[in-house]
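Next come two complexes built around chain A: one with chain B, the other with chain C.
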Partner chain A sequence: MGIQILLHIGIVMILSPLLLGIIGKTKAFFAGRWGPPLLQPYYDIGKLFQKGNVYSITTTWIFQAAPIVCLAVVLVSSFFIPLGGLKAPIQFWGDIILFAYLYGLARFLMMIAALDTGSSFEGMGASREAAFSCLAEVVLFLDFIILALLSKKFVLSEIIEGNILSSWPLFGPVLLLVGASYFLVLLVENARIPIDDPAIHLELTMIHEVMALDHSGWDLAYIYYGGAIKLFVLGGLFVNILIPYHSLSSVMQTVMFSGGMIMLALTIGIVESCMARLRLNRIPLLLISAFVLALVGGIVVLVKGV
Partner chain B sequence: MDSQEFDVRNGQSWEWSAVPVLGEDSFRQKILEECSQWASPAGGGASPAGGGARLVNLFAQLEDSGSIRIFVMLGRDQEGKLPVFSMRISQDQASFQSLTPELPQAHMFEREMAEQFAITSIGHPWLKPVRYHQNYRNVPDLWAGIPSRPIPGAYPFYRVGGEEAHEVAVGPVHAGIIEPGHFRFQCHGEEILNLEIQLGYQHRGIEKMMEDVSAERAVLLAESIAGDTVIGHAMAYCNAIESLSDCEISPRAEAIRAIALELERLSNHVGDLGALSTDIGFLPPAAYFGRLRGEFLNLLMELSGNRYGRSLCRPGGVLFDLDQPMIENFRKRLLIARKDLKEISDLFFTKSSVLSRLEGTGIVSTKIAQELGLVGPAARACGCGLDVRTDYAFGMYRFHHIPISTVLSGDVYARSLIRWLESQRSIEFLLDLLTQIPEGDLQIKGSGLKPNHMALAMIEGWRGEIVHVAMTDSNSRIARYKIKDPSFNNWMGLSMAVRGAQISDFPVCNKSFNLSYAGHDL
Partner chain C sequence: MTDYFLSSLVLLSISAVLIVLTSRFQKISGGIFLFSLGTGCVLGLISAVSVLVHRVPIDYRLDFRMPIGEFYVGVDLLSAFFLLTIVMLSLFAGIYGYGYLKDDEKKNLSVHYALYLVLLISLMLVVTAKNAVLFLVAWETMAISSYFLITFDDEKEAVRKAGYLYLIATHTGTFCLWVMFLLMGQQAGSMNFDQMTLASFPLPLAGVLFILGIIGFGVKAGFIPFHIWLPHAHPAAPSHVSAVLSGVMIKMGIYGLMRLILIVKNFPEWCAMVLLMIGMISGVGGVLYALGQHEIKKLLAYHSIENIGIITLGLGIGLWGQIDHNEAVALIGYAGALLHVFNHAIFKGLLFLSAGSVIRSTHTGEIDHLGGLLKKLPWAGHLFLIGSLSICGLPLFNGFISEWLVFRALFDGVFHFETNALVFSSLAIISLALIGGLATACFAKAFGAIFLGNSRSIDNTHLEENSSLMRAPMLVLGGLCLWVGFFPSTMVSFALGAASTIASLKISPMAEEAIISPLLTVVWVLMILVTIITVLVLFKRIAMKFLPIEKAPTWGCGYSMPTNRMQYTASSFAEPILRIFRNVLGFNVTGNKPQGYFPKEEAISSHVIDASEDFIFRPIFQFIKSLSAKLKIIQFGVTQLYLLYIFIFLLILLIWKMV
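Presenting the complex of A and B:
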């Protein structure tokens, strides 16, 4: 199991910034530019690791602890999902709840670290993050409930591996609804357009980025890296839900998974290229529609019975 | 009263002893009377019932006799005339009854006078420093507690009380490459209750420097009043000096100046549209608009050797000419740019996610726009049809007319749309003008400046009405140079636009005005 975990960590850490690179290239393509190199996210993280940290005298240990804890937490969350041919190294009854709340823990720490700075921007960012993630969490859990109902299991990797394939013929539409609502949660959780704009520098409109404003050097690198891994893990779960490949050979599983991840990055890039950001007060509406999508799926499952 | 009517036109000069001097009460009455009838016609052109005037300039000057003279210029847009009159106040009792409570447009002008000459306007509700400099009279400043240079915290900001109200301070150092300015928001949750904008960080003392420097350097100073309005301010300076020296420049020079002014307008309007699409996170048009902006700047560079048009306009004419191959090249490239601009604007203005972001954001009503005396595209986006190119036509615009574009809604969408509409009209104007550039000498030598004269030059820069007033003393030296950038009128419009809006919408509102800090701070 130790080797499995190391392999998991290795793959996640090596590959996750690549997704951001693919998204960047896709956006550049639609803007008619060459854009930054595919490996730019690696360079950015590498550059930050060469810098020192600057701490405001008004901050406490919370501010310094949050980035590294966030990185650790998202890494741990990757143990619960299979990556292509690699099985999930850790699984136990109810790990699905831990999976969701690991992100809750990361978010909580980021929010109190933001409040710790005493900056009005960071306070606004924390309040927005709290408000929107409240709504996103409900949707995420509804999705998990539906998946658990379909599989009659309560272990994340078993839900994914065991039932998705058997559910597709009968409950395909439900899985599509779950996939659609989960995709919106994915965009919210990773601060992508149309919810948040990772490229913008305007403090007053940012949600997620504004909470990283006062971090620097290694801490900022942890946050960026953690963000990339979060996208990779949540995206990996998305691919696992939607692509029923789990009965194939492990080589084919890996190929399908990798293909799925690249498709996901391209999709995010295309979504970001063809629409503007939502107004901040419209974001709850988007999350409510994600909730409704999931709810319809849930009703179908309940009415039809598994 | 009739004997005291003294109307001037744009680009005119006159002996300043000819300006009627009114008593304090009749001065005040006359301003309020003229301005009370002002209602700008929606759609432009149609004459309003009363006519009326708006405040174009209000400034003070020390007289040799020792008293302070306050000049006012009112703009009767429909007639293209500007009544000018003045009043005297003594240095010992430098105060007068404030116009601001009845006439909010006077608000910034009175603050400026209070700072420059330590004149108290009694009853001014908001008498705070503008640019933090010592007054020109060497008497104690009006503000004892406020330091003589801007410090963000040391300023009596308007505050909203209560447990749930919170304050957000932005600037003067901003993320991104913009000029310094401090924004103080009073918020309730995400809603902005009030925004106070404190500027003055860019104050260089240009008005004062203009009195001291040589003519060769003065034009360079004029070009650097606002880095993105080089042509506008240089033209205003040149027009004022030419008027003072009775120099009639050739039609060819007028045409080249107009071409440069419209290219400046195009590059800035298109650049603003690109910046707006960046701010709403819609990247493809941001990149395309950015490329087109470069296209217009390149044209300006080929004309003058500088992307922003520096060293093109000089008193007496222009320094660079357009030859026939260049004209054809310009026309060809403008035709391509017109096609590209249409395609990108169609993409931008038809996207529902863009419209939902722009429409209804940061509304300034026509009434508020008129009360605050907004100018330029910001005013035309609120349905006020005022444009110096039409109302007080100067230079080439006397022969080639540009129709005024107005939009009624007064929101961010209107301020974006007005930029597209004006860009289209500017391109049409350029294509038309390039086919028939008149002949003439590039430079015409004028005589020296006339003594004891006063000249007025108004230019419709891309941001709006630029007003320069030059006054000479008995030795024909510049004794007072008064500059008014459109940003001076319009910053208050931004404050009003975001009142009651979401704080997260502030960046798009700000970008839709895109005002100059340097032009305001001088």
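Presenting the complex of A and C:
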């Protein structure tokens, strides 16, 4: 199991910034530009790793602990999902809850790290993050309930393997609804357009990025890297739900999974190119619509019976 | 092992009397208090743990007949679990309280110490009484002693009012309990619990008993909408008393419901439904109200309501499992509820004690006045952080273990139940997820505003850390949070033992193993998490040797003259969430925006209205008040006249009997 875990960590760490590169290229294509190279996120993170740190005199150790815990948490969360031909190294009855609550731990630390600086902008970001993420968590759990209902399993990797496959013919529309609502959660959790724009630099309108305003050097590198891995892990879960590839040979599984991930990055890029950021007070409505989508799926499951 | 428990009771009672007798000499009475508290709690702990380990209940009957009951106490597994919780928290809160008060020269502390012991004795009796009358006597002693503990600072009007409200609320509850126990006694032909357990209760009667129990015990536990006394009484009391009230006393309501389930056994299905509903409303409502609070102890008090909600969710799904004859759901649900009772006692105790340290040092509990205390009060600060992480149910800490059990029972419910129960369990899962998210927000707000950043209005420079007598108990409680978080098997197995008693089931070691083993995997994953964190820290440490580190002020985003008052406050932090839920909460903001190029001074304030207080109970109390005002015509305050009333009443009774 040790080797499996190391393999998972390795793959996730090596491949995740690529996803951001693809998104960047897609956006550039839609804007009619060449855009930064595909490997730009690697260069960015590498550059940050060479820089020293500036710490605010107001901060305590919490400010430095948060980026580390965030990166560690996203790495651990990748253990629960299969990556193509690779099985999930850790599976146990009820791992869904640990999966969701680990992100809670990271979020809590990021919020208090933001408050640690005493900057009102960072406090504002933390406050918005708190408000939107608690709604997103509700949607996430509703999605989990429906998937668990379909598979009668309470283990994340078992829910998405095999059982999804048998549900597709009967409950295809339900899975599409769940997929759509999960996609919105994915956008919220990873601070993408239309919820948050990672590219803008106007503090008043930012959510996620503003919390990292005072971080620099290694801390910022950890945060960026953690963000990339989070997108990879949550995206990987999305691909696993939507593409029922689990009965194929392991080589084909890997091919399908990689294809799915590239498609996901392209989709996010297209969404970001075609949409503007929503006004802040519209975001709860978006999350409520995600909730309703999942709810409709849930009702269909209930009426049709499993 | 009965000897240990009884000697603990006797020791505590004798010391309470001795403390009052030596009240002239505060040093001596303080010493007696500490000694008897320590010894009594350790004795109680030994008897509780030995029952939980060996799983053999103990009984003790004293041949002492009261008018309608007898002195019959026994420690079964359920009692033992609660006994464990009570002595654990009371011991540490008591030591802290001694350190908290000992320099207070104006008050007679001996009476306070004695009352604290009386509260402890009555709590121990409530959970071990095996006779309804003895139970009610202990219940009433608990209510009255805690009333006097709450009104310690009785020179303040708010404290007196809070105490009065508590007294009314608790007696309303006790009234329902009397009716409930009398009905049960009538059905069973005895007021002893073991005889009641043997009796069978028809379903309609069980429903009536359940309603009475929900009101009677719910007032104590703080179910919404019966919670109105709680956010007033808990902040009014001294911090160590708040810790005991919030940590164990309100749990007596939960204990009562569990005992009721144990005795009656067979309930109609809607009872489980009602419990789940109460759990959801109290859980989500409690944490939303907490978000709207600006005072630290009031915030913590509302969080107690939230946690009671989580406990009730576990209890409700457990009851549903029991009704549906699904043993696994029943056991895991009850065990989750029980473990959360223990965990909440530990972390809420810790939070109240560290909040108390803050209040003692800064003389204020207003969150928006504080800030930057982590540097000045590192002990209180770091322990408050551990408490916050635990209460949010985040992994690595004890709250996660019990919430995991409740979640698991609810998910099992989703798999095994019919449509009705399935919908309710799904709703409960969603509420629990929402509670988790909101609690995280609320404690990020509380911890961030009090301990991080810079102080907003208070001068922090001369603050000093509190005495070690106050720090040591907090440290132990913090350690317990981590202990349960990393080594859950002991407490989970204790909770499962007590859960099997409630459900009147036998649990095989195999089944127990199946429930505990996923939790051990959780711990294993957390170990990996800790390892990865260590590796990342090491990498950074090494890199930092070669890279420059600078210190600078926080970046003001281009604004060059930021002041501490410009930091984000706790109220502004909570505003977006409160705005989303404004229709449920009655969240209103009053004040004007600054106008023109040279604006005049403007003020803005935000409030959250507790609907059940303002729209349900205030009108009821007003109605009762106006009704009793009408009764004033017969009140003259002349003793002879009242004697005449009694005489007339007796006469009427006599005539009624003759006719």
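Throughout what follows, the second predicted complex is superposed on the first by the 306 of 306 C-alpha atoms of A that agree within 3 Å, B and C clash if a C-alpha of one lies under 4 Å from a C-alpha of the other, contacts with A are read in each partner's own complex, and residues count from 1 in each chain.
Here is the rule we use: a contact is a pair of C-beta atoms (placed from the backbone, for glycine too) under 8 Å apart; a residue touches a chain by one contact, two chains touch by 3 or more.
Quick caveat, the model's predicted, so the values are computed rather than measured.
Looking at the superposition, the partner that touches the larger set of chain A residues, chain B or chain C, turns out to be C. In the superposition on chain A, A:K27 contacts chain B only, with no contact to chain C. In the superposition on chain A, no contact is made by A:P36 with either chain B or chain C. By the touch criterion stated above, A:P194 is placed in contact with chain B alone, chain C being left untouched.
Within the superposed three-chain model, A:T205 lies in touch with chain B and out of touch with chain C [touch as defined at top].
Applying the stated contact rule after C-alpha superposition, one finds that A:M275 touches chain B and leaves chain C untouched.
Of the two partner chains, chain C is the only one that A:I90 touches; chain B does not reach it. When both complexes are overlaid on chain A, the residue A:G259 reaches neither chain B nor chain C. In the superposition on chain A, contact is made by A:M124 with both chain B and chain C.
Of the residues of chain A, those at positions 120-121, 123-124, 203 touch chain B in one of the two structures and chain C in the other. On the chain B side of its complex with chain A, the touching residues are 166-170, 175-176, 190, 277-284, 286-288, 291, 351, 353-354, 356-357, 361, 502-507. Only residues 27, 30-33, 120-121, 123-124, 193-194, 197, 199-205, 272-282 of chain A touch chain B when the two sit together in their complex. The touching residues of chain C, when paired with chain A in their complex, are 371-372, 374-375, 385, 388-389, 392-396, 400, 403-404, 407-408, 411-412, 414-415, 419, 422-423, 426, 429-430, 433-434, 436-438, 440-441, 443-445, 447-449, 452-454, 517-518, 521-522, 525, 528-529, 532-533, 536-537, 540, 543-544, 547-557, 562, 564, 566-568, 572-577, 580.
For chain A in complex with chain C, the touching residues are 5, 49-60, 62, 68-69, 71-73, 75-76, 79, 90, 92-95, 97-98, 100-102, 104-105, 107-108, 111-112, 114-124, 126-128, 130-131, 133-135, 137-138, 140-142, 145, 148-149, 152, 154, 203, 213-214, 217-218, 222, 284, 298, 302.
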